[in-house]
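Same chain, two partners: chain A is paired with chain B first, then with chain C.
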Partner chain A sequence: MHAIIDTLANLPDLVGLTQITVLVIGVAVGVVIGALPGVGPLLGTVMAVPFTFGMDPVSSLALLMGIYQGGSYGGALSASIVGIPGTPMAAATMLDARPMAVAGRASEAVTLSTIGSSFGGIVSALVLIAVAPSLATIALKFGPAETAALALLGLTTLGALAGGSPVRGWLMGMFGLLIATIGLDPVTGVSRFTFGSVYLDSGLTLVPLLVGLFGISEVLIQLERPVRAKDATTNVAASIAAFRSVIVRPINYLRSSLTGVFIGILPGVGGVTASFLAYRFAMPFRKKADPEFGRGNPDGVVASETANSAVTGGALIPMLALSIPGDPIVAVLMGGLMLQGIAPGPRLFLNHPEVVQGVFAVFLLGAIVLLPIGLIFIRAIVHILRLPQWSIMASVVMISMIGTYSVSRQILDLAALLVFGAIGYVLRKGNYPLSPVVIGFVLGPIFEANYRRTGLISQGDLLGYIATRPITMAVLAAVVVAIVLPLVRPRVTKPQVGADSAG
Partner chain B sequence: MQAKQDFVSSLVALALILGWLWLTVSIDLSFSSDLETFSGPRAYPRVLLGLALVFNLVILGRAWLQWRAAAGEPQDEVSTPGRGKVVAAAAVLIAFVLLLEPAGYILTMLPLLIAVAWLFGARRPVIVIGVSLLLMLTCLVAFRFGLNTVLPEGIFAIDTLV
Partner chain C sequence: MRARLLAAAGLVIGAAIATTSVAVAAFPEKPVTIIYPWAPGDPVDTVLRTFGEHAAAKLGQPVVINNVQGAGGTKSLTAGATAEADGYTLVNNWVAPQIGAKLFNPDLPYDNESFIPIAGVLAIPFTITVAADHPANTIGEFVAWANDSGTKLNYGVCAPQSVPRLVGEQFMRSAGLDYVPVPFSGGCMGDNVTGLLNGSLDVAVSVVPATKRFEGQVKHLGLIADERHALAPDLATAGEQGYEIGWGNTALGWGGLAVPAGTPDDVVAMLQTVTGEVLQSAEFKADLGDLAPMIKYVGPDDFKQLWTDSLDLLRPHVEAILANN
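Right, the complex of A and B next:
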């Protein structure tokens, strides 16, 4: 608490007009980049690093973190409007934001995303300020066993995201897990299902899968049955409804924020896990007046967006305190700091307390600034909704193709994009949900690598080893509850999710 | 009709799962064979495929029962009026991918955008071409100067021109 008050009191000294200006530019650029499928905040932060050479440390971080925060939110815009998650983290947001948009509540969906992102970022910033060094030690307690158990907990969402048929969700999850095995085995390095292809040896990447499954398939589905987002409400009405949600659904905002912060602290777990877990945790608490999850439930949008923004602050904790970047974007932020001659790690708090406070302040301000910037973008989106469908779809195709190509400039990425597009189209025609494929693909490598490392460490006595790990046992207990609870309480509060619909 | 489609799709999925299982035989264990427990490089995908098989059989069984139950009822024919457009779009996208690097971004993106616009019902050529040109150039400038990403030059590459 003392640290929070200190930081707030010193805000004017820590952050001047230059830093605020750079931060606003960073957030705005980040939102645009995040909204473009296939591009993403990672590319944005990497591109921005050269611009930071001549800046002071706090301005440099303001630009990079602004893009990070804006980009984490921006994916929700394309997820709502065109049914393509701009970032992987927005895949969970899309489950409800898209149906809301199709039902004429596009402004409300996007406003909810904006508020959730801002709220998650603010809570995350406050946690970061208050307890960064202490929380960093939690990251050290998470070994392969704990990470594997947490990935397994994330996988329990597979059945819950499949509408009326959890079995279809589990089947699609297995499909995602299997696709993730294509490439080199993470422990032994042997090739699996590569057919001798050098491209497949490095495994399939998330961008072609995500953009293909959701983006290209959406275009194909729309050719058969055009569905578009619309806005039947006024901006003001939508904004009022969305802002009221903070009062009506405070527990969801807080729970999702804390879920995001906690997941963010753990290196290698990521925003996708946080957003789907938060979504899953929100499901048993559906309000009677709300639609089912997956059919435009505001809580679904709130949970996912709040969590994936809260991850950003959590991810900074191990980076600042332990010099451990939890994901590629944080690695770029770390690089940005090191370019300024500042080495993250335990001594950072002693040697450069002003930089640490500056980082805290910029991060908090970034989360606050995200709200008005996001609301400005909503006005632009309302205009986009009025454009002819053909122009929107042509833009989607263009950005999907070029965004995917720009990741590593390999034409085979585009081939993979089309293959996944065809697969997504076929699955959607067969009423199979797509989100579990993404969850399986993202969590599969995390689960497999850590599970098998645990097996190696335990030297054959897996159960005995796990019995000595209290955190693992606690997470596994949660896994059992997550699997068993829906089976024993099928009629009381059955969390129903509509079939995966991006249109 | 939906039950029949589910049954057929489950059969196709069954074939894919069995085919994939067969492919696991080709995973070379070599030095790692002593690490092959139920979590090894070959065993892990087999466990996943086994689970997928179980789930698919459940879906297959349910679809079979539903199909049998609906056997005596009049079946609605499922019409797919846009199927031709889907095939055309797929052909256009494949052509784009094949020609992007040899022909370049400009020569491939413009026809792609025009084709997509046409498939989505745009019928005013001047507007379609104008908007497509604008989108293509905006993307080119944004990626080249904003994100420092060079898009394929194709036949406009300097060494080709010279």
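Right, the complex of A and C next:
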């Protein structure tokens, strides 16, 4: 609390007009980059690094963090309006944002995403400011054993996200796990399922998989049966409904924020996991008046978007306090800091308190300005709804291909994009949910590498080793609960089919 | 139709030949690209960009850094080996993808003969690193501690198929230590160092710049190199401490510049001259500032010899690991 008051009191000294201008530019650029399928905040921050060379440390971080914050949110816009998650983190958002938009609540869905993102960002900023150094030690408590257990917990959401057909969810999760094994084995380095292809050595990557699975398949589905996002209400009514949600569902906002911050602190877990976990945590608390989850429940949108934005502040904690970057974007931010001659780590807080405070202040402001910037973008983006369908779909294909190519500059990624487009189309026709593929694909490698490292570290006595790790035991207990509970609890909800094939 | 197509094809080929010969005469007449395998914004990236600015001034054409990441640098080397051999594409080659990965994976579409050396540019020695609160402060103390504890050491490796892994294991063997290699990802300042911090690992192979990044959290016990390094002049080598591994420059993480085989001799000669001049110039080192100690200029002939030596020296060690997998 003391630190928060300090930062707020010193705000005018810490942040000047330059920093605010740079920050606003960063957030706005981030939103656009996040909304475009394929390109995301990682590419955005990488491309922005050269622009920071002449800046002071706080301004350079303002630009990079702004892109990170804006980009983490931008994906929700394309998820709602065109049915394609602009970033992997928006895949969980889309589960409900898209059905809401199709049901005529497009503005409300995107406004909810904006409020959630801003809320999650602000909570994570406050946590960052208040307790960064002490919370950073959590990152150190999560070694390979704990991370593997947590990935397992994430995988238990597979059945629940399949819209009433757990078997299909598990099946698709298995598919995700399977294709994630392509590439170099994380422990022996042997090539698996690569058929001698150098391209496959580094494994399939998330961007062509996601954009193909959701984006290209969406276009194919629309060719047969156009489904449009609609805006039946006025902007004002939608905004009022969305803002009211903060008062009506404060627990969801808070719970999802804290989930995001916690997952963000852990190295190598990331925003995709956080948004799906927060979504899963929100499911038992469905309000009776709301639609089912997966059919346009506002709580689903709020949970996912709040959590994936809260990850940003969480991820800065171990980077600043221990110089451990939890994800590739934060690694770029760290690179930006080090280019300024400032090494993160425990001594950063002693040697450069002004930089730490400045970074905190800028981050908090970024989360705050995201709200107005997001609302302005919404006004612009809902105009897309008035364009003819053919023009939207043609642009989607073009932008998806350019976006995917620009990330890796590998032509074979476009082939992967089209193959996953075809796979996505077939799966949707068969009413198989797509989100579990993403979860399996993201969590599989995290689980495998860490589980096998745990095996090596335990030197043959895996159970004995786990018994000495209380956090691992606790997380594994949660895994058991997550698997057993749905089996023993009488099912109150009616089964429903094809959660994310609705769009 | 067919005849017209053929004629058109003939024209295109003819034009291509014509432009090639002109290009050699006036090399370079368009921007030169360096394919670079690691993350944008990391220190090596900065070194190459600074090099590019200085080389551009001499070449009269911009030098562009093209980042081709993935698969431990092998994507970059593949792109470099298959690029057009006209001197406009250089590749930043490293021991790990060119020698280490090739030994682990003979299917990679390149070998030492796919490249012509321009110059050795960087040399980064590996270190034996422990958590800051570890009781040992020297390699001797560490070996004594390990022998007293009587357990197998969990030894963190940067990547499963990497040169630092081979170098580190050679050190562990020559020090008579019993260990389990635990491969991580993310490079020698990545997850393996985090493993030291969270107590999963006893010791890791890392690099000197880790001291700066993990200031106060880790300490290096020694450098696995023949001589001390300007980045950390106070850090004694393993050899000085009585644990010689005898691998010479092969134990360094070396990196340099190369062009695809088949590049015209005069173009190669020009690139070699310009590169040598830049790397040895005081202005270049001044511009690099803190990063200057990473530079180690090696002439083309010696650089080529280093490729051969590294390949011969590392081959049996890779074969031993593959036999165990």
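Everything that follows uses one rule, which is that the second predicted complex is superposed on the first by the 495 of 503 C-alpha atoms of A that agree within 3 Å, B and C clash if a C-alpha of one lies under 4 Å from a C-alpha of the other, contacts with A are read in each partner's own complex, and residues count from 1 in each chain.
Keep this in mind: a contact is a pair of C-beta atoms (placed from the backbone, for glycine too) under 8 Å apart; a residue touches a chain by one contact, two chains touch by 3 or more.
Everything numeric here is computed off the predicted structure, so don't read it as measured data.
Applying the stated contact rule after C-alpha superposition, one finds that A:Val167 touches chain B and leaves chain C untouched. In the superposition on chain A, A:Ala449 contacts chain C only, with no contact to chain B. In the superposition on chain A, A:Val190 makes contact with both chain B and chain C.
Once the two complexes are overlaid on the shared chain, A:Gly345 sits against chain C while remaining clear of chain B.
When the two structures are aligned on the shared chain, A:Ala394 is found in touch with chain B, with no touch to chain C.
Within the superposed three-chain model, A:Tyr425 lies in touch with chain B and out of touch with chain C [touch as defined at top].
When the two complexes are superposed on chain A, the residues of chain A that touch both chain B and chain C are 185, 187-188, 190-191, 409, 456. Listed in rising order, the residues of chain A touching chain B in the complex are 39, 43-44, 47, 165, 167-168, 170-171, 174-175, 177-178, 181, 185, 187-188, 190-193, 216, 219-220, 222-226, 388-391, 393-395, 397-399, 401-402, 405-406, 409, 411, 414-415, 418, 421-422, 425, 430-431, 448, 451-452, 455-456, 460. By the touch criterion stated above, chain A contacts chain C in their complex at residues 46, 49, 139-145, 183-191, 196, 198-199, 201-202, 267-268, 322-324, 331-332, 335-336, 338-339, 341, 343-347, 408-410, 449, 453, 456-457, 459. Every residue of chain C that touches chain A in the complex is listed here, in rising order: 39-42, 46, 66, 68-72, 74-75, 78, 104-105, 107-109, 152, 154, 159-161, 180-185, 191, 194-195, 197-201, 212-217, 290, 325.
The touching residues of chain B, counted against chain A in their complex, run 2, 5-6, 9, 13, 20, 23, 27-32, 35, 37, 39-41, 44-45, 48-49, 51-52, 55-56, 58-59, 80-83, 85-86, 89-90, 93-94, 96-97, 100-101, 105, 109, 112-113, 116-117, 119-122, 128, 131-132, 135-136, 139, 143, 146-149, 151.
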